[in-house]
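Each of the two complexes below includes chain A, the first together with chain B, the second together with chain C.
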Partner chain A sequence: MPWETLIFFLVGALAILSALGMVAMNNPVHSAIFLVICFVQIAGIFVMLGAEYLAVIQIIVYTGAVMVLLLFVLMLVDMDDLPEFHTAEPLTRVIGTLLGVMLLIEVAIAIGTRTISGAPGTDTPEAVALVGGNTQAIGRVLYTKYLLPFEIISMVLTVGVLGAIVLALPERLGLEAGRRRDTISLGHPRGTDTVLPIESGAETANLSGRSNAQPAGVGRTLIMATDPDDQPVKVGGRRS
Partner chain B sequence: MDLLNLDLSGPQWGLVWPQLIVFLLAVVLVFADAFIPKHRSFEMLTGISIVGYLLALGALYWQHDKHAATFQGSFRADGLTVFLSLIILVAAIFSVLTSANYLKDYGERVPIGEYYILLAFSVLGALLVSSAGDLITIFVGIELTALATYVLTGYTKRNAQAVEGALKYFLLGIFASAILLYGMAWAYGLSGSTGLDNIRANVGAAVEGQEWFEASVLLALLLLIVGLGFKIAAVPFHMWTPDAYEGAPTPVTAYMSVIPKAAGFAAMIRLLVQGLGPLSEDWRWLIAVLAVLTMMLGNIVALSQRNLKRMLAYSSIAHTGYMMVGLAAYREGTGFGNDLENIIGTRGVSALLYYMLAYVFMNIGAFAVLTWIQARGRGVTLDDVSGLASTDPLPAAAMAVFMVSLMGIPPLIGFYAKYYVILAAMEADMLWLAIAVVLASGISAYFYLRVVAVMYFSSSDVTNTRSVRTPLLNASIILLVIGNLVLGLFSAGIVDLSEDWTNALTVAQTTDGADAAQVTNP
Partner chain C sequence: MNDQPIWLTFLVAFIIMNVLLIGMAYMTYFERKVLAAMQDRMGPTRTGPAGLLQPIADGIKLLSKEDLIPRAADKWVFFFAPLVVFVSAIVTAAVIPFGQTAHLFGRDVNLYATDLNVGALFVMAVSGIGVYGIILGAWASANRFSLLGGLRAAAQVVSYELILGLSLAGIFLLAGSLSLREIVLEQQQNLSIGPLEIKNWYIFSQPLAFVIFLIAAVAETNRAPFDLPEAETELISGFHTEYSAFRFSFYFLGEYIAMIVISLFASTLFLGGPSGPGSESHWWLGIIYLFFKTIIFLFFYVWLRATLPRFRYDQLMGIAWKVLFPLVLLNLVVTAAIRLASDGKLF
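On to the complex of A and B.
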């Protein structure tokens, strides 16, 4: 067995195992670290395919930027404060597992029986070598053939930034009633991090059905973290 | 084109005007929001939005007879582009009209400018999907539409239901995007190109003479249909729909029930009809089964809903089913082991397009009336509309028109839409599918007519209404009612038009020519 094959199996197995570990871990930080390992392995596979550019981008963008940011966020958020997601019922789990296995089998069959007469397109290894390597090749197609998608992605990123700001920004200053104060913090029990209903307005009627938006700290006074330019407020019961 | 001989010609901007105008609109809105004083921003931004969409609509006229591609095949200005863009832009104008008063009412708690900006980007994404000639353009276009819609769903971020709906929509949406992308990777792997015309040429050649289905092709089809099924809310991928529709602010629900769905169907038409058309004998069974499931489940679950937004959510699922019937009725050429010579189901796609146009008028109308009711301090359950006819006769009449149209009663547009879909199914030898449409419509009559009955024959017990002026909303409701009454009468012309245009899509391949011809088997 040539050494390339050995390395491929090693890298591939590590990638699969770390992906499994990422899903299986309960602690989000552990999951994130497994994901980092997985990304590094995938970068290794890119190198073996002769795609050095993608490998470097994979490391810089995913392992470097995205995952480090993700870890930052995870460390800043109190794990106990995260909402618990409804875990699936046994039947759902069984069906989910079955569907996953079926998809896996289907993929295996598809890979195993691929008899379609292949049409590899124009970007063959020889053509790539002719323009001086795959970095040059990517540059050549990115700004000609894929110019439009490339431009649209910049709009997608704009929308992402805009959306994050819209969703994360506190509501306009001067609207005391509309301010959300109880974000993170100071050792209050789970359940205090609630979304208080809007005082009046068109959507209020929707809320009347589900009134689990009740702070867990009802009945006692909690001092919460507030905006720095604000006085600490007492929360508990209904705010006037 | 290959790597050494790059096609360095710039894009033909003349072909891209409508899309470019919507993009400029988004940019102008960003700056206008920053520089216009706050107390005037509502009027200005609403005005700019409406003018921008109208200009884009006008620019479509110059695009309509071009039949050309630019951006090296990534962008196509063909008949399908124009017709879909027409639907999307009309829906966008009605969305702005519907949202305007709501936003003003709500305006001190939610930022107005960002709403219009996100709306414009979302519309732009849908326009780009409908004009895509390339897998990657389809994908990023869909993402642009969806990302903006996720944010709009959770726009009233202090409403727990809105946050819940947005989170569900977002998580399931990105999951579906991953599946779609995997399907696209398979399609690319099988054909060696991301260009839809090349995919068509290569897949058609590759499966010729195959006796039975090819596992890899089936896998690609499955993944693509599942991924897009999420986007158009087809059963069994509809789980996010009721929660997202109920939680979102009502004008956003009106918007998201139409434009992201139009984008999803645009992607389906581009991918399945234009790209994988030669396999239509294989995928149309998948689509047909999903269509029946979607129609039936949507209508049956809607029977038990008392919240009108949830009811309309399920009804919109059902309408997805009717539209998919149009797609299932598309047949062409040879699939595996089939020897059909000619395209026999061309009416399918045009029926789908006409249905989508009708759906814009029916569905945005229904949600617009709900917005009208909400603006007056009522809720959105059946109890809240009981006796509406005695207190507010005109909105009640409008709601009755929309309900009856959604149900599909003759002179209204909804009837003609269903008629063409059924006709297409029968022409494609799928009588059972046509019968399923009729049955599903029969079931739907109960819950649509219940709304009408409650409005007209129950007494009103709602007292705490307030009076507000909503001129733009009223205008949009009036226009939508007129659309429902009148557009049905011109249905033959519209369907012929869309048929001509979509035939141009499937018969005359791209004129950016050289690119398509050069992919050969080495």
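On to the complex of A and C.
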């Protein structure tokens, strides 16, 4: 028992710290890393609760797929080129706070009702063991009691996939008009070809002709590259 | 399955980890020798008898190189990214069963670090974390070629992980379990087809899944001909362009250990793992069987690298989504139907 308590507090503390780090970080990529760490810790808590299947699915779906794709986007879009990222509008702040408080109340109610009533749920360890483990138990519940919500979610996801395909392939569907012909280049703030300001030594700063105090994003225009598809195609020849 | 003290489990895990590290070193030797033989060369011969000390010399060389960090790099992420690849590759081995139990020094020792009841999914999950090492390292390098390599790795691994996972779903249906130990136990039974009696290895009942698994595994570990994230000719080694010395060696270790672990995983799932004649009574025979089954897959990896040119990126993604994905779904549906029919529930 003491082992498990110790590990639980370690995992829990790390989960809270990484959640705080996710909010506190300035760089969105760092925030994403902390969120990933938080997900892994939560998966650890699931394992300690005996819900191994949930733990693994949490990692496969959220850590292994959703966050990877999110990072993908964060890396491609340079945050310094999006000024609205740093100066949150009042409306955004109000909505964000409201949603956060709503979520908090929801979770508190969910935990509170169970704690106040004091009754354990129907899925006791014995009931779970009877159907052959928590993987089987989740499968049974998903495909019987929650079959309708499950199918509706599948439909919504399918619609989402179709939407993504339509957005990605406009020309094949005859939606040529209004299509943006620009793609955002890999605008990594420190990966660009400009001379880096060096912390010490004023002469190098003079060489580069820029003041050190200037933040990286100021005065930089959004780098747009033309879509390679715009290149004229030679008739009868292959595009290289 | 018996309960054993926690220190014993740690000892087993420690041994597995070190065997993997040594295995990784000699995997590079094996790869160079096999590649050399296929290209009519000698391979390493100078260091030690038949070049056997070459991996150790390589290791010392890597560790003594200068450690360079680009000035524009994100220091902390740059530092941690290779470790993520390395650790996730090693942790995967925790659920691989090397046998059932062995009786050693008056104790019953489990020949696996843990028997997680979702072991097969655990392998998928942890290898999914491994991709963070690649994309974060690529981003932290502040190099466009690296970033391109990292983005390729992300798209490739996410696509092929789906196929890898679905190709195993047929096995889960047949075995009725996600635990690798139980999948191995299931494969020790005999399957009788008329007069023939063969082992119930899933390579026989799931041949299509096996082929798809092999292809997806090569892509998942970023090996030739699917090594697009580090395509030397276009990306100058891709995500690890800026890495040197021991930081680079962690990427290198991670890649090779991932290869070994996925080969172990493949032998466990499709070739019956440690099962074979006499392995029930002598546990060490099982380990030897598993070793040779794993060598088959590792040889296949090297063989592919020596034979096939690198794919183009759109071809890589096209194969995943337009060929393998429909095939793997077909395999799943057919397997499910057969399973239902054999239980008499279909009609």
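Miscellaneous remarks
The criterion applied here is as follows: the second predicted complex is superposed on the first by the 129 of 240 C-alpha atoms of A that agree within 3 Å, B and C clash if a C-alpha of one lies under 4 Å from a C-alpha of the other, contacts with A are read in each partner's own complex, and residues count from 1 in each chain.
We take it that a residue touches a chain if its C-beta (ideal position, glycine included) is under 8 Å from a C-beta of that chain, and two chains touch if they have at least 3 such contacts.
This structure is a prediction, so every number in the text was calculated from the model and none was measured.
After overlaying the two complexes on the shared chain, residue contacts for A:94 are found with neither chain B nor chain C.
In the superposition on chain A, contact of A:73 is made with neither chain B nor chain C.
When the two structures are aligned on the shared chain, A:49 is found in touch with neither chain B nor chain C.
After overlaying the two complexes on the shared chain, residue contacts for A:109 are found with chain B alone; chain C is out of touch. Within the superposed three-chain model, A:163 lies in touch with chain B and out of touch with chain C [touch as defined at top].
When the two structures are aligned on the shared chain, A:127 is found in touch with chain B, with no touch to chain C. Once the two structures are overlaid, the count of chain A residues touched is higher for B than for its counterpart among chain B and chain C. Applying the stated contact rule after C-alpha superposition, one finds that A:16 touches neither chain B nor chain C. Once the two complexes are overlaid on the shared chain, A:145 sits against chain B while remaining clear of chain C.
Once the two complexes are laid over each other on the shared chain, residue contacts for A:6 go to neither chain B nor chain C.
Common to the chain B and chain C contact sets on chain A are residues 196.
Those residues of chain B that touch chain A in the complex are listed here as 1-4, 6-8, 11, 23, 26, 71-75, 102, 105-106, 108-111, 114, 117-118, 121-122, 124-125, 128, 134, 136-137, 139-141, 143-144, 147-148, 150-151, 154-163, 186, 190-193, 198, 202, 205-207, 214-219, 222, 246-247, 249-250, 374-375, 377-380, 384, 518-522. Contact residues on chain A toward chain B in their complex (touch as defined above): 106-107, 109-124, 127-128, 130-131, 137, 140-141, 144-149, 152-153, 155-156, 158-160, 162-163, 165-167, 169, 171-172, 175, 178, 180, 194-198, 201-203, 205-208, 210, 212-213. Of all residues in chain C, those touching chain A in their complex are 6, 71-74, 77, 116-118, 121-122, 124-126, 128-129, 131-132, 135-136, 139, 142-144, 147-148, 150-151, 154-155, 157-158, 161, 165, 178.
The touching residues of chain A, counted against chain C in their complex, run 3, 27, 29-30, 33, 36, 40, 43, 52-53, 55-57, 59-60, 63-65, 68-69, 71-72, 75-76, 133-135, 186, 188, 190-191, 196.
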